[in-house]
Amino acid sequence: MHNGVHGKGQEMKLTTVRLVTIIAEPILKDRLLQEIHTLGAHGYTISEVHGEGTRGIHASQWQGGGNVKIETLVSPEVADRIMEAMTDHYFPNYAVIAYVHDVQVVRGEKFA
Amino acid sequence: MDTIEIIRSNLLSPLVLAFVLGIVATLIRSEVEIPEPVIKAISVYLLFSIGLNGGVELAGTTFSEFLLPALATIALAIAVPTWCYLILRGPGRFDIPNAAGIAAHYGSVSSVTFVAGISFVERLPEGQNTFEAFIPALAALMEWGIVVALFIGRWRLGASQAQNGELGRVIRDTLTGRSVVLLLGGLLIGVIVGEQGFERIKPLYGDLFRGVLVFFLIEMGMLAGRQLRDFVKVGPFMAVFGTVMPIFHGIAGVSLGLLAGLSPNGAFILGALAASASYIDAPAAVRATFPQANPSIYLTSSLGITLPMNLIIGLPLYYEYARWLSVALGRM
Amino acid sequence: MDTIEIIRSNLLSPLVLAFVLGIVATLIRSEVEIPEPVIKAISVYLLFSIGLNGGVELAGTTFSEFLLPALATIALAIAVPTWCYLILRGPGRFDIPNAAGIAAHYGSVSSVTFVAGISFVERLPEGQNTFEAFIPALAALMEWGIVVALFIGRWRLGASQAQNGELGRVIRDTLTGRSVVLLLGGLLIGVIVGEQGFERIKPLYGDLFRGVLVFFLIEMGMLAGRQLRDFVKVGPFMAVFGTVMPIFHGIAGVSLGLLAGLSPNGAFILGALAASASYIDAPAAVRATFPQANPSIYLTSSLGITLPMNLIIGLPLYYEYARWLSVALGRM
Amino acid sequence: MDTIEIIRSNLLSPLVLAFVLGIVATLIRSEVEIPEPVIKAISVYLLFSIGLNGGVELAGTTFSEFLLPALATIALAIAVPTWCYLILRGPGRFDIPNAAGIAAHYGSVSSVTFVAGISFVERLPEGQNTFEAFIPALAALMEWGIVVALFIGRWRLGASQAQNGELGRVIRDTLTGRSVVLLLGGLLIGVIVGEQGFERIKPLYGDLFRGVLVFFLIEMGMLAGRQLRDFVKVGPFMAVFGTVMPIFHGIAGVSLGLLAGLSPNGAFILGALAASASYIDAPAAVRATFPQANPSIYLTSSLGITLPMNLIIGLPLYYEYARWLSVALGRM
Amino acid sequence: MHNGVHGKGQEMKLTTVRLVTIIAEPILKDRLLQEIHTLGAHGYTISEVHGEGTRGIHASQWQGGGNVKIETLVSPEVADRIMEAMTDHYFPNYAVIAYVHDVQVVRGEKFA
Amino acid sequence: MHNGVHGKGQEMKLTTVRLVTIIAEPILKDRLLQEIHTLGAHGYTISEVHGEGTRGIHASQWQGGGNVKIETLVSPEVADRIMEAMTDHYFPNYAVIAYVHDVQVVRGEKFA
């Protein structure tokens, strides 16, 4: 595993954190942001996407079927809590998916 | 005969033809497309214009003239979602969330139908094309139909199963929704600036209105066209519900409007408001409150069935009925 | 002398100046930018307006008046891509996909040049500024030049090497393309609503047209400016091709138009259609059918060379030629 | 008394009311929203219109008439950022980057305030609503205030700590910035096409101007409203600075304008230019040059404090002062 | 490897699936969606991006050089098939790139 | 590790490269693209995103708080250089985050 770099004589420490990605119908945007904040995320990045999955049209279909994609860098514990909240509160009734993977960052404490 | 003529002339108006062009473009899968940001800006413009024009005319209206029509509107905003809910639960055999969800759509207002109704009147010959200036305020009141339907659903469902805390948010959102703010804000600004202040902005908010609406309706046609494809999925009950109920609501709206003292044109617009089914505010509110309701049912029926029905044959029908009833009531 | 004057007056028209402003803004890397959704909406507006205005005037035109000009247009839509292909293959030494791809661009229509041609005529003094109302239908017909070029390429290449199934899709896309649907849809709506129905939407679709076109041309200038930078990359052959062929096509279009019985103004617009090179529909179609053709060649030449050439000196030239030939034919 | 009346009439103008509607909509968290691409296109339109209208009128202006006002503008573009910087460093106790950053905002121009100032004059009764046609060129000159402030900051800071190479880019960006290119480009095109060429595009660039500005101001109000919420964060010093300095700049601008021979209306607009604080070009330039300056300070004060202050009470104040001083100077 | 979480007393199972990302000129959008569907993807998410690579301008350059980014969560087998189809049908003539990596999801069967 | 596929009889070789993601305030766009190019990236993909982190509003707040997301596929060495440049030149004063992870591509040499 690649964890340290020697550059200009000083070592750069890369830390592993988790990137949680949520793709959801736009109506959920504010609620999801609120929820991940409560669960311990210190920031997020959001983008407009479109998509199709196994569920039919959803309520914003009339706006072209747009979804929002929320990405948040968090510690493994927070990631687990978010995935759990997604499973419990959103998967049953809403058009949402979520996935998680490891990424490396420079200042790990910013996202812990 | 006269009715046929008025339907024909509506069918051949630029508004309806643009709407049909949009439907056809979708059906032949053409890529004519008016981008979403522009459509959003246009809908702000249309609502604000209507408010503004109403406000400018409002001077001289007394509160007492407004009171009865407002009460009639509130009555409709309570009655329409209620009976829709009952019909959907009973003969419709829908579960509570779906029944309440669909009722919220038919209980509130489609801006496009409302705007087209106003434009329908303005197109009439000089002297016959006026209506009460406070009409935009009635449209804002009618938005409350959403809240009524959601209340019913939540009550029948028991608070536990509905989304906690969402109803409060929905009420707030309804009160501060885009159409309400623009209609009432425009109305207020219109009252304040008056004829004189309006004069210099009239080229945009007056002269262009109808042309912009035609442009807007191309896209609305495409929207309806996309839903039309799912027509079969909603089943025969909703197909009938989506065509018959609006007509019934239109007739109820016109009648109540005339009884409340509105002019025939004003009563016609109240009928159009009652007949119309929301497809922007209601879907969002329903999704937030009853996520378990199936969006394809309420969207397809309000956008794919009721919207075209209202624009194409509903409006001239309600208008003819308004004229006929006025005569019958000895008011014209 | 007269020609110089008409070129000068075109150069100093708001349309061309706005276009030049756009080019200059790009060259000095200024961040003036009209966002893409607005530009897309404007181009819908422009095409729809032209259709509509044509339709309103169309009443009274007989099919026989339309027949010969339509045949002339079809002839151009077949001949132009064919000879372009042959020239590009022969002296141009391009391979089949590139030759067919470039031919598709020059064989079909640039909406901007077309719209600017119409506006060129409308700007003329009262009485000299009319043209045949069915012109938008000719523009729609001319779009078929794309398909002709792609057929040639596919035939020469052998079906195996072209993308399977793509040609069918391209034909469908050409028939239901945005410009075709808007021009013909607008035409039809114009015919149906007539003068009277048009009156109330004229502030948007009539009075504003030229101003909106000026606005649009700022962005078109920026688009052309971005391609101009790549000018050197296309090489001397394409630089000559991109300036000389349009002039030749313009002359051919005007001549054929006059022979087919069009008025001088109508023949001028047919010339502008023939001279113009597509840069929206053609690139998409060519990319889909001949992905191996190099987009920087066909885009740079149609957008960076031919478009400015046509707008700045082409239009006045074709116009003067149309007047000169009319006189020579004893038609004016 | 007269002043009160003019403030009242400004407050009740559609422009200010639309701005206030936007603020209120934000405060009640309504989702009225005019999408960004449309707002960007509108701001291109507004600046281009102003340039164009100025250009059309410019015929007959001699360079000597322009010289003194231009010098006055340059003097303001140097003096305003300089004294702002000194005040912010001294009593304000800001560090160099923040002082220079804020100075850049107050030293340059807010297009909205400028456009509203122009519209303020045009709304006056016929005969009193004219101003010098070259005013747009003054606005373009005033943009240089950004560069002056950044120079000061960089000089005081030592080149080492500022971003290397960024200042050169900022100068280039200021010279080729959107407002400069559109104002000057429009001016030039207006001069060239003249009254006659303008006539056919006037429905868009003349008649609609004020209505579009009202529409634009709804969104500007929402922008200001969002910043208003952060009002408390900027602290008492900036709250005072953001209200008092613009008034002082407005008075300085009007006075210098009159001394330089401008008409009262022209001097009023110069005052509005001086009083206004940039919130589009300056933030970008400051962020690039002094990243260590805190954006929430300069954005909140220019957008949340100075912009509403100028629109609501600043403009009528500067106007009254311009009239008063003209009389005092025996010029009216 | 982190595969199970204990939350509220019940265990949440995370499964590993593959996320295939394709960045392509917009003209390919419909064809690519069709293709990944045929190859076994049950859903996709699409967004508008811009970019530059080793190829010159492409046919939608006039619209600002936009690309589309298509992301699809699939099983490893489907991922391989998609990567192969990309290599065979698109890389030679079009401005496209594609890459793939592992992510963890809750309901693995949705994407299998 | 999954590195080869047998399809249609020929083997498809997947190579591992690194995907660097940078999320930054828009003012930095041109400078960052320039910088990653200098450091050895051969291409990039950019998208418009919104977001919130630990820093307050930034200079484009008036445009809705937009950020840009820059993604670039590079060799591990280039990835290290980019992360280092981010740490040295941008993290102190700007609203930026950056992270990196491994992905697999078909034509590894295109990104090396």
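We call the chains A, B, C, D, E and F, going by the order they appear; numbering starts again at 1 in every chain.
Here, a residue touches a chain if its C-beta (ideal position, glycine included) is under 8 Å from a C-beta of that chain, and two chains touch if they have at least 3 such contacts.
Quick caveat: nothing in here was measured; it's all calculated off a predicted structure.
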Checklist entry - Shared touching chains for chain A and chain B? => result none
Checklist entry - Chains in contact with chain B and with chain D: which ones? => result C
Checklist entry - Using each chain's Cα centroid, which is most distant from the centroid of chain A? => result C
Next on the checklist: Between D-F and A-E, which chain pair is linked by the larger number of C-beta contacts?
Outcome noted: A-E
Next on the checklist: Under the over-half criterion for shared residue numbers, do copies chain A and chain F use the same patch or different patches to meet?
Outcome noted: different
Next on the checklist: For chain A versus chain D, what separation do you get between their C-alpha means, in angstrom?
Outcome noted: 41
Checklist entry - If you average the CA atoms of chain B and of chain F, how many Å lie between those two points? => result 48
Checklist entry - So which bits of chain C are touching at least two other chains? => result 35-38, 203, 208
Checklist entry - Of all residues in chain A, which are in touch with two or more distinct other chains? => result 47, 101
Item to check | Contact pairs between chains, per stated definition | outcome: A-B, A-E, A-F, B-C, B-D, C-D, C-E, D-F, E-F
Item to check | chain B to chain C touching residues, read off their complex | outcome: 12-14, 17-18, 21, 24-25, 28-38, 123, 203, 207-208, 210-212, 214-215, 218
Item to check | Of all residues in chain D, those that touch chain C in their complex | outcome: 35-38, 40-41, 44-45, 48, 172-173, 176-178, 180-182, 185, 188-189, 192-193, 197-198, 200-205, 208
Checklist outcome for this item: As the complex stands, chain A meets chain E at residues 21, 23, 47-54, 67, 69, 76, 80-81, 83-84, 86-88, 91, 97-101
Checklist outcome for this item: Within their complex, chain F touches chain D through residues 25, 27, 56-64, 93-94
Item to check | Of chain E, residues touching chain A in the complex | outcome: 2, 5, 7-8, 12, 14, 17, 19, 42-47, 73, 101-107, 110
